[in-house]
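Two complexes come next, and they have one chain in common, chain A, joined by chain B in the first and chain C in the second.
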Partner chain A sequence: MSKYFYIALTSIRSKLAYVGEIGSKTIFLFVILYIFLCLWKVTYTETNQNALGGLTLNQMLWYLVVTESMILSLPPIATVVDQDVRTGSLATQLVRPLSYPLSVFANTTGERCLSFAINFFAGSLIACLFVGMPDLQLHNIPMFLLLLPLSFALDFSIYFLIGLSAFWLEDTTGITLIYSRLTMILGGMLIPLELFPDSWQQILRVLPFSAIVYGPARTFVTGDFHLFFYLIAQQLVAIFIFAFLIHVVYTTALKRVFSHGG
Partner chain B sequence: MENAVSVNQLVKNFVLKKREGMRWTSSETTAVDGITLSIEKGQSVAFIGPNGAGKSTTIKMLTGILHPTSGDATVLGCIPWKERTRLARRIGVVFGQRSQLWYHLPPRDTFELLSKIYEIEREVFQTRRDMLIERFQLGEFLDTPVRKLSLGQRMRAEVACSLLHGPEVIFLDEPTIGLDVIARQELRDLISEWNRENGVTVFLTSHDAGDIQHVAKRVIVINHGKVVLDDRVSRVRRQYLREKVLSVKYADTPQSIELVGVKTLIESGHAFKFEVDTLAVPIERVMSEIMRAGSVVDITIEDPPLEEVIAHIYSTPPESDEEEGEEETDV
Partner chain C sequence: MNMLSSYLKLAAAYTSINFKSLLAYRGAFISQMVAMFINDSVWIAFWCLFFTRFPVVKGWGVNDVITLWAIAASGFGLAHVFMGNALALPGIIMRGELDSWLLYPRAVLPHLLLGKSSASAWGDALFGVVVYLLFVKPDLPHFILFLLLICSVAVLFIGFSVFTGSLAFFFGSAESVSVQLRFALITFSTYPSPIFQGFVKVLLFTLIPAMFVSHLPVSALRNMSLVDAAYSFAGAIGVLAMGVATFYFGLRRYESGNLMEMRG
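Now for the complex of A and B:
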């Protein structure tokens, strides 16, 4: 496995070559957080509530710091796979003693970890400025750090599957767009699941979207043990299912690799 | 001698889908049509053919990227498409139009990464890396990000990377494409030196006659998915085209030479260039006529340029015209 770890490290080093691009995302993060701070402040004041969906204003903003940092750190996984398939670059990957899915995972996850760290750091500064330090218990952090990589792995596996569909489809951007918007909306990027109607919540909690965004962010701010164990199980089961699907689709797809000149 | 590559009746068909109005129709096209060949260990072979002849498809089957429709092939005793990962440790591949170097990082970082990917022992890696740096003269740009390298520097680094794990066979798919004359020559010299001194089997595809002439000893020509010629490069040059070019310089004006099969190409003062059809007239006869015609100061006999030989082979119609070219769909 050390080779994949080294690919991830190389990816981080490569990403550091254009830190400016990552920096520009933190400006967007600042704007988003400021807008939502204003919106939530009004909501909390108008409803005369200390907590909405079980979160205080401090927790709500820190929840947003986590969800936004995760979403903005997403590398273009499906596009990478799509282009590898479509341009024939897959060939250069297949001639090495590597698993292509694992090497793309290592490459994109290395990049994502760096982007997340920068976004989270910038987001934390903004949140500290607006609402102060987070109301955390110490156990929240290790729980979050366990859920985060599983969340990245699950998100990766779905995007990778979408990328593989390039073997059959003319264009995968439509599916990528739909999936990314579903993750944002149904995954609780802007609004925690508790603020959705009750009937929706039951469905959303079993879908993988909530295990990707909502779960880790909620655990970070509340440190809820019950939610943590439920999420771990949900993430592991979902990763297992999607990894199996990747295996089946990738094996079938390899037999469909076409060749073209050059 | 043991074979590095053995191919027996290898066939690859592609299904080509076309939209006709609202309906999709599919047709099958044959890219590789029953190729049979073998390459001994340590040989340097040029695998050439016009665009769409099936070269890249064959290389991709031999490196395990593509599954054939039928037929057998082994590379270093491995069936490529079944033992791709195992074979990958023993072969090197360079695709001239694709890079394996990390664009934003210097070549040194790609070397490090490849040492992990191929699980090369640290000491072996360091020795081999230093040797490649010296032989390929990579030292001056080893720590420069790849995006800032010239194409010639990048290709030298690409080939060096593909040799880092000590492959027994190296597949080079148009390695000199886009390079200038000097960079091309340097790369050719390096590849042939590596073949000669390290015994690496070289399997080269190229459209450049110079690559074939300088790197390969044997040439396999493929057209319409079939092997149309398999011979030594020198013999192809000598035998495939029957013309020879004779450049003669006389001390003074010679008598005219009128022989069937001899054509005067250039006449400039006392210098002449003749094209001789050796099937129409033996070369000895032409030589004696030239000597008889006047006092010869200088004479050279040249083979026709390899480009002409290749163009002649490509233009030879296939036995059957039913086959179509290689699939062009980028998937």
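Now for the complex of A and C:
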């Protein structure tokens, strides 16, 4: 396992050389958090409510800090796999004493952890400026830190599967875009699941999207134990299912790889 | 007049060639177009969900936001269906790839902008019109005004992309700044304008001219106000003029990349 750890570490080090580029994304984070603050401020005022979907304005903005930081930190996993398949560089990866899926996982997750840390730091400063410190209990943070890597792993497995579809499809950018948008809306990035129509909520809680974005963010702001244990189970089951799918698809896809030359 | 006609013929010829080149990869073109259509639909779904819970936000209802999305998406789409290179401008300048465009006996900027069509922009352009017809169900005068306002918004997006892209003449690597500013314009343009107050509202009429995409066109359509429509056009022309002036001013500082390039 240590070699994958070093791949992740190398990925972080190489990305640190371009920390300005990652930092420039925080401009967008600032814009989006400001807009959502304006939108929710108006909504809380017009409905004359202190809490919407169980969240106060302070919690709502901190919820958005977490969801936006997670989504904006996403590296182009499907594009990396797509390019490796399309350009044939997958063949050169196969001769290395490494598992290709695990090396891509280590590489992209290292990058994502760094991006998330920068985004979350910047987002926290912005949220402190707008609504002040979060109303957190101490146990919220370790619970969140347990859910976060599982959320990244689950998200990775789905993007990796999409990338592998390049073996059969002319272009995977369309599916990637659709999946990312499904995560945004059905995963509760823009609006917490509690504000969806009641009939939708039961379905959305079972789908993997909510375990990727909504769950960790909600746990961070509320520290709900019941939700936490449900999410851990949901994430582990979903990761197991998608890992199995990756194994099946990857094994089938490798039979289509032809390489020659030296 | 002859010159205008000549450039319109050039635009028609480029659009036809660009469309054919997109069709050469038919699967990729259709998938990008459909993906963008679905991407925009997701936002409409978000707003429908939001307004189901909170029916009115500072006087705006769901139809106003759908109108806003229809205008912004179609305007953005129309701009980059015809002038897709507007999005690539900072990269072209930064890598010194303007050389081949400077050799043609045409004005550099319009010729360069017409050189490419964005596949996903076709999805945006189509989405706006379909959504407006399906959800808002306009009468003929509203629909005509809607089509005119799409043109105004398209002009604004082109002008803004040219302005932000031309910053590369002055700051070298302006790709990231250009993208961030464009994202800011698109993002501010796609939320109900009344939620922004004070200094930010001033900013949205000037540095990031989102009010000419959101506030004025929606108000023009809602009240059938030709005055608001005229303000929208004036704002779009102003942004375009600023973009063109910045481009030609910056062009004096352009340094060739000494690249060998073939254009078919």
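The criterion applied here is as follows: the second predicted complex is superposed on the first by the 257 of 262 C-alpha atoms of A that agree within 3 Å, B and C clash if a C-alpha of one lies under 4 Å from a C-alpha of the other, contacts with A are read in each partner's own complex, and residues count from 1 in each chain.
Please note the rule applied: contacts are C-beta pairs under 8 Å (C-beta built on N, C-alpha and C of every residue); 3 or more make two chains touch, one makes a residue touch a chain.
Here the structure is a predicted model, which is why all the values come from computation and not from measurement.
Asks: Record, for the superposition on chain A, whether partners chain B and chain C clash or fit.
Replies: Result for chain B and chain C: fit.
Asks: Under the stated touch criterion, which partner chain does A:Pro197 make contact with: chain B (first), chain C (second), both, or neither?
Replies: A:Pro197 contacts chain C only, not chain B.
Asks: Tell me which partner A:Ala117 touches in the superposition: chain B (first), chain C (second), both or neither.
Replies: neither
Asks: Scan A:Leu236 for contacts with chain B and chain C and give back first, second, both or neither.
Replies: After superposing on A, A:Leu236 lies clear of both chain B and chain C.
Asks: Just to be sure I read the superposition right, which of the two partners does A:Thr47 touch: chain B = first, chain C = second, or both, or neither?
Replies: second
Asks: State whether A:Lys3 touches chain B only (first), chain C only (second), both chains, or neither.
Replies: Once the two structures are laid over each other on A, A:Lys3 reaches chain B alone.
Asks: Touching A:Arg96 in the superposition: chain B (first), chain C (second), both, neither?
Replies: A:Arg96 sits against chain B, while chain C stays out of touch.
Asks: Once the two structures are placed together by chain A, how many degrees is the angle at chain A between chain B and chain C, based on Cα centres and rounded to a multiple of 10?
Replies: 90
Asks: Check the residue A:Ile27 against both partner chains and state whether it touches chain B (first), chain C (second), both, or neither.
Replies: Touch partner of A:Ile27: chain C, not chain B.
Asks: After lining up the shared chain so the two structures overlap, which partner does A:Thr173 touch, if you call chain B first and chain C second: first, second, both or neither?
Replies: second
Asks: Chain B to chain C: minimum CA distance in the overlay, Å?
Replies: Least C-alpha distance: 12 Å.
Asks: Hey, what residues of chain A end up touching chain B and chain C alike?
Replies: none
Asks: Could you please specify the touching residues of chain B with respect to chain A in the complex?
Replies: 12, 14, 31, 51-52, 55-57, 60, 63-67, 84-86, 88-89, 91, 93, 95-100, 102-105, 109, 112-113, 116-119, 145, 173-174, 326-331
Asks: For the complex, which residues does chain A have touching chain B?
Replies: By the definition above, chain A touches chain B via 2-3, 6-7, 10, 13-14, 17-18, 85-92, 94-98, 166-167, 254-262.
Asks: For chain C, which residues are in contact with chain A within the complex?
Replies: 25, 27-28, 31-32, 34-36, 38-39, 42, 45-46, 49-50, 52-54, 56-58, 176-177, 180, 183-184, 187-188, 191-192, 194-197, 200
Asks: What part of chain A is in contact with chain C in the complex they form?
Replies: Residues of chain A touching chain C: 21, 24-25, 27-28, 31-32, 34-35, 38-39, 41-43, 46-47, 169-171, 173-175, 177-178, 181-182, 184-185, 190-191, 195-197.
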